[in-house]
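You will see chain A twice below: alongside chain B first, and alongside chain C after that.
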Partner chain A sequence: MAEIAVASHPIDAVLRRDRLPHIWCPGCGIGAVMACYARAILESGIPLDKHICVSGIGCSARVPGYMNLDTYHTTHGRAIPFATGLKLVNPELQVTVFSGDGDLFAIGGNHFIHAARRNIDINVFCVNNFNYGMTGGQAGPTTPMGSFTTTTPYGNVEPPFNLAALAAACGAVFVARWTALHVRQAQEAMQRAMQKKGFAFVEIVAPCPVSFGKSNDIGEGVDEMWMYRKQCVVNDDADVTKIDVTMGKEAELVVGNFLDIERPAYMGYGKEVLGEA
Partner chain B sequence: MTGNARVLTGQHFLMGDVACAEGGLAAGCDFFAGYPITPSTEIAERLSRRLPEVGGVFTQMEDEIASMAAIIGASMAGARAMTATSGPGFSLMMENIGLAVMMEAPCVVVDVQRGSPSTGLPTLAGQADVMQAKWGSHGDYEIVAYAPSSPQESFDLVIKAFNTADRYRIPVFVMADEVIGHTAERVTIPPADQIPRVQRKRPRYAPGDESFLPFRAEDEDLVPPMVHAGEGYRVNVDSLTHDEKGYPATFAEPHDRLVRRLAAKIRQNAHQIIEYEELLLDDAQVVVVAYGCTARSARRAVALARQEGIRAGLLRLITLWPFAGQKVWELSSQAAAFVVPELNLGQMITQVERFTSHPVVGVNHAGGAIMPPEPILDAIREVVM
Partner chain C sequence: MAEALLRRPLDGATVHIPRGQVFIIPDRCKGCDFCIDFCPRDVLVESQTTNTKGYHYPVVAPGKDGECANCQFCTIICPEYAIYTEEAQDSPEANPPLAEVSQ
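Now for the complex of A and B:
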């Protein structure tokens, strides 16, 4: 039996305690990011009953299953259009899509770009750990060039997406990138996303030691956290087109709240289009 | 033609696609998500004009995968939600149709069938998606599929589809075809208070009540009550195999229990769902089994056969799924043969064959034009010789 270290925890109210412990590997960053999300919910001032969490498939997509909210674990890549339908029917809900890089940007990439273009009023929180963890560590759309994965045994030859630049280019009104080390900043970015009317995107770079870190000379989860500590540069004013994540040993990893603009949010093609007050 | 009323009570001259849209509105459809595709596009166009007028929401999505996902999300938020498509889009919807089955999300999908496979015949009729409607998504599951034979029936069956979807918490299909979709005929729209409306079963527990298990079927119909997003129940709705609480339960035993219930809620209630029209069956020695646009030709073929003294009758399928097997079996005790005309190479005929030991003759064309009565009449003559 596991020893219970503390009787209660500040984020218990947001978690389904009867579903713990979670499924994630030792050193995984998803739990830390989930805790950021949980604290952001508690601090949001929005009742828990109005927070909705939708996910696709993958390790990060298992987060809603642990959140004590109305939660929807959908099909691979389809969380955003599912959330779109839900939000358009009940605009009072605070709808967050919480998923991973492969789910949101490979199989779900088309939905991401169109949701950002429309500026549907949802939050997309993406844990970017550079690989498909759930299936055992294959390359994905964010895998850095040269990285070793189970489907790039000689090194990855595909250039990855710069997610922040992609989101900004497609029309997101809030774009941030933090890491699993930056728990305060990530939480604050999530809270800002929740306040934002429109498509808000927060990328959180996180370690996947079992399927990515160890095979790419990064090491354990804590080693990757040290890497963030040494190599991250906070720059809210960075040019998002120039902040690719390479995970190189000497490379800067630029983090920050890069974009916060106003643009009319998409409400669907409903009574508003008739031009009546 | 359009007005501000949700239900356009009165006599109209409408094509089948427009009748589908008006049927949805009359049924209380709040939400439509779709993607343009011939020959169903008129449904989306009509609803883009009409839904804003009645306080609903139309949204054009980036593809049919997104359209299907969006109507499931909308359904979970409490809307009566529908989409419309044709074969290629129907194929793209298949994975999320399985999601609707697994999440028990009521919704309506209209498939205006065209010649297929692949891009096939975009502007011409087919009936080759009828097996896909039953088996297209992976896994064992049961759905309900209706086949309208006229614009009036398109209107009526979309209403029925919404009620069946809400009654059993399933996706329901209206398997129209290009001929029906683009044929204009008289459509009578009844007064709003005469449109039947089935309400979703709702929880008998207050939010926070620990004894409430959202995926427990407490009633004999095996349909659990439905919680909508934001009501305070804080339910997990999962595409994974889940237990009665809604939590993932990815093991053999809960999986068998869940999949059996999802199938059984339709199988055990099939007698309440199955519908068909009987024409001249009382003394029929040859039974034509037909549906959709082909049933119109079959009706003519049966009349011509009667003029020749052949005791032919028509069993017109209104529900394709569940299949009216019991009726075929009953007819087998009097009839000597069955004729099954279809705009495909033999799909529903396989179901007829399961319920009779008499000869079953298919009359098939791969699609592209409505089947004329003559080949059906020829088959009727052939089986009585």
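Now for the complex of A and C:
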């Protein structure tokens, strides 16, 4: 049974086929993470016309352009306020923000912390590739200390955010971290996020070989995937404050579904205080 | 012989090993090797020829026909949606129960 050449893929059902192949580099992890999102949508039981995908700017933020849904590619950092407006106006929608570490935590950081604090009922899926891939590999808020980027030629001296701890501290009700290799687990976490009432955050660590892997002696995308295979430890019960991602050659990279709690979502407060419209 | 008998699963006469048929969309592939490296059965290798963009896409390795377990990891790890598998449409003769295989 040799392979058979064909022209389409089962996942095309939820993609804009005419736009493929996508723009991402060989070995980039974003495509695999987008497929997790696409499968989560297909498995969610929620009709396609209720799913909305919103992004800011960056390589990761190109995802809405390939999803065959109602999608919005907003300005840099502003995906969360845009998504918040959509959700408040039409609470029936399943609103997902899909964007990168720089977009969500540098220019968009303030929106993230306040949406989590308010417990806005949206999903935020962040591809964390430790740099601003799209603009040539600058350091950002998740760049590990010591890492080489175009703006840290002597090694990064700033401590990065631990995104899982940040989300939990700000009030998210669901917090998970997986990698582009953990495609089944990432899909499942995304489905759980969709079911969750409130602010649900899934970080997906992914290779950016062009702007991060090569300059940090990791190598190609597949080499970073092997790093995940060897160094990831699954621990749902991990203390989120102690699971920084260092990308060290021997360091553990802790992944899991760390937090799943109940807390009134923003719309709930609205009804208590304001009554039915 | 005795060892072979001991190692035979109790339900070996009824359980079929799942088998997959590999489908490829050659021109979508960017040659990242994710599917090749992480296939648990080492079914895939890079093609000898290249696609229209110059990448070596995956093909079933020589001698690996029938080895795909249809686990679909290649399907879900491919960042280009360029490979997938489906359960092979084998006749029962071509996909015998384990008990027969080990005779």
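In this section, the second predicted complex is superposed on the first by the 263 of 277 C-alpha atoms of A that agree within 3 Å, B and C clash if a C-alpha of one lies under 4 Å from a C-alpha of the other, contacts with A are read in each partner's own complex, and residues count from 1 in each chain.
Simple rule for what comes next: a contact is a pair of C-beta atoms (placed from the backbone, for glycine too) under 8 Å apart; a residue touches a chain by one contact, two chains touch by 3 or more.
Remember, it's a predicted structure, so these values are computed and weren't measured experimentally.
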item	value
Overlay on chain A: chain C relative to chain B, clash or fit	fit
Chain B versus chain C as contact partner of A:45, first or second or both or neither	neither
Which of chain B and chain C A:15 touches, first, second, both or neither	second
Following superposition on chain A: angle at chain A, chain B versus chain C, Cα, nearest 10°	140
Which superposed partner A:27 touches (first chain B, second chain C, both, neither)	second
Which superposed partner A:222 touches (first chain B, second chain C, both, neither)	second
Touched partner set for A:183, first chain B, second chain C, both or neither	second
Touched partner set for A:153, first chain B, second chain C, both or neither	neither
Which superposed partner A:5 touches (first chain B, second chain C, both, neither)	second
Superposed arrangement (fit on chain A Cα atoms) - minimum chain B/chain C Cα distance in Å	20
Chain B and chain C contact sites that coincide on chain A, given as residue numbers	none
Partner chain A, residues of chain B touching it in the complex	30-31, 33, 48, 51-53, 55-63, 65-67, 69-79, 81, 95-96, 98-99, 103, 207, 227, 229-240, 247-248
Contact set on chain A toward chain C in their complex	1-12, 15, 20-22, 24-32, 34-36, 39, 180-181, 183-184, 187, 220-222, 225-226, 229
Interface residues, chain A side, partner chain B - complex	16, 19, 48-50, 52, 54, 57, 64-65, 68-75, 78, 80-90, 92-93, 110-111, 114, 267-274
Parts of chain C lying in touch with chain A, wherever the complex brings them together	19, 21-28, 30-34, 37-38, 55, 58-60, 65-66, 68, 73, 75-82, 84, 88
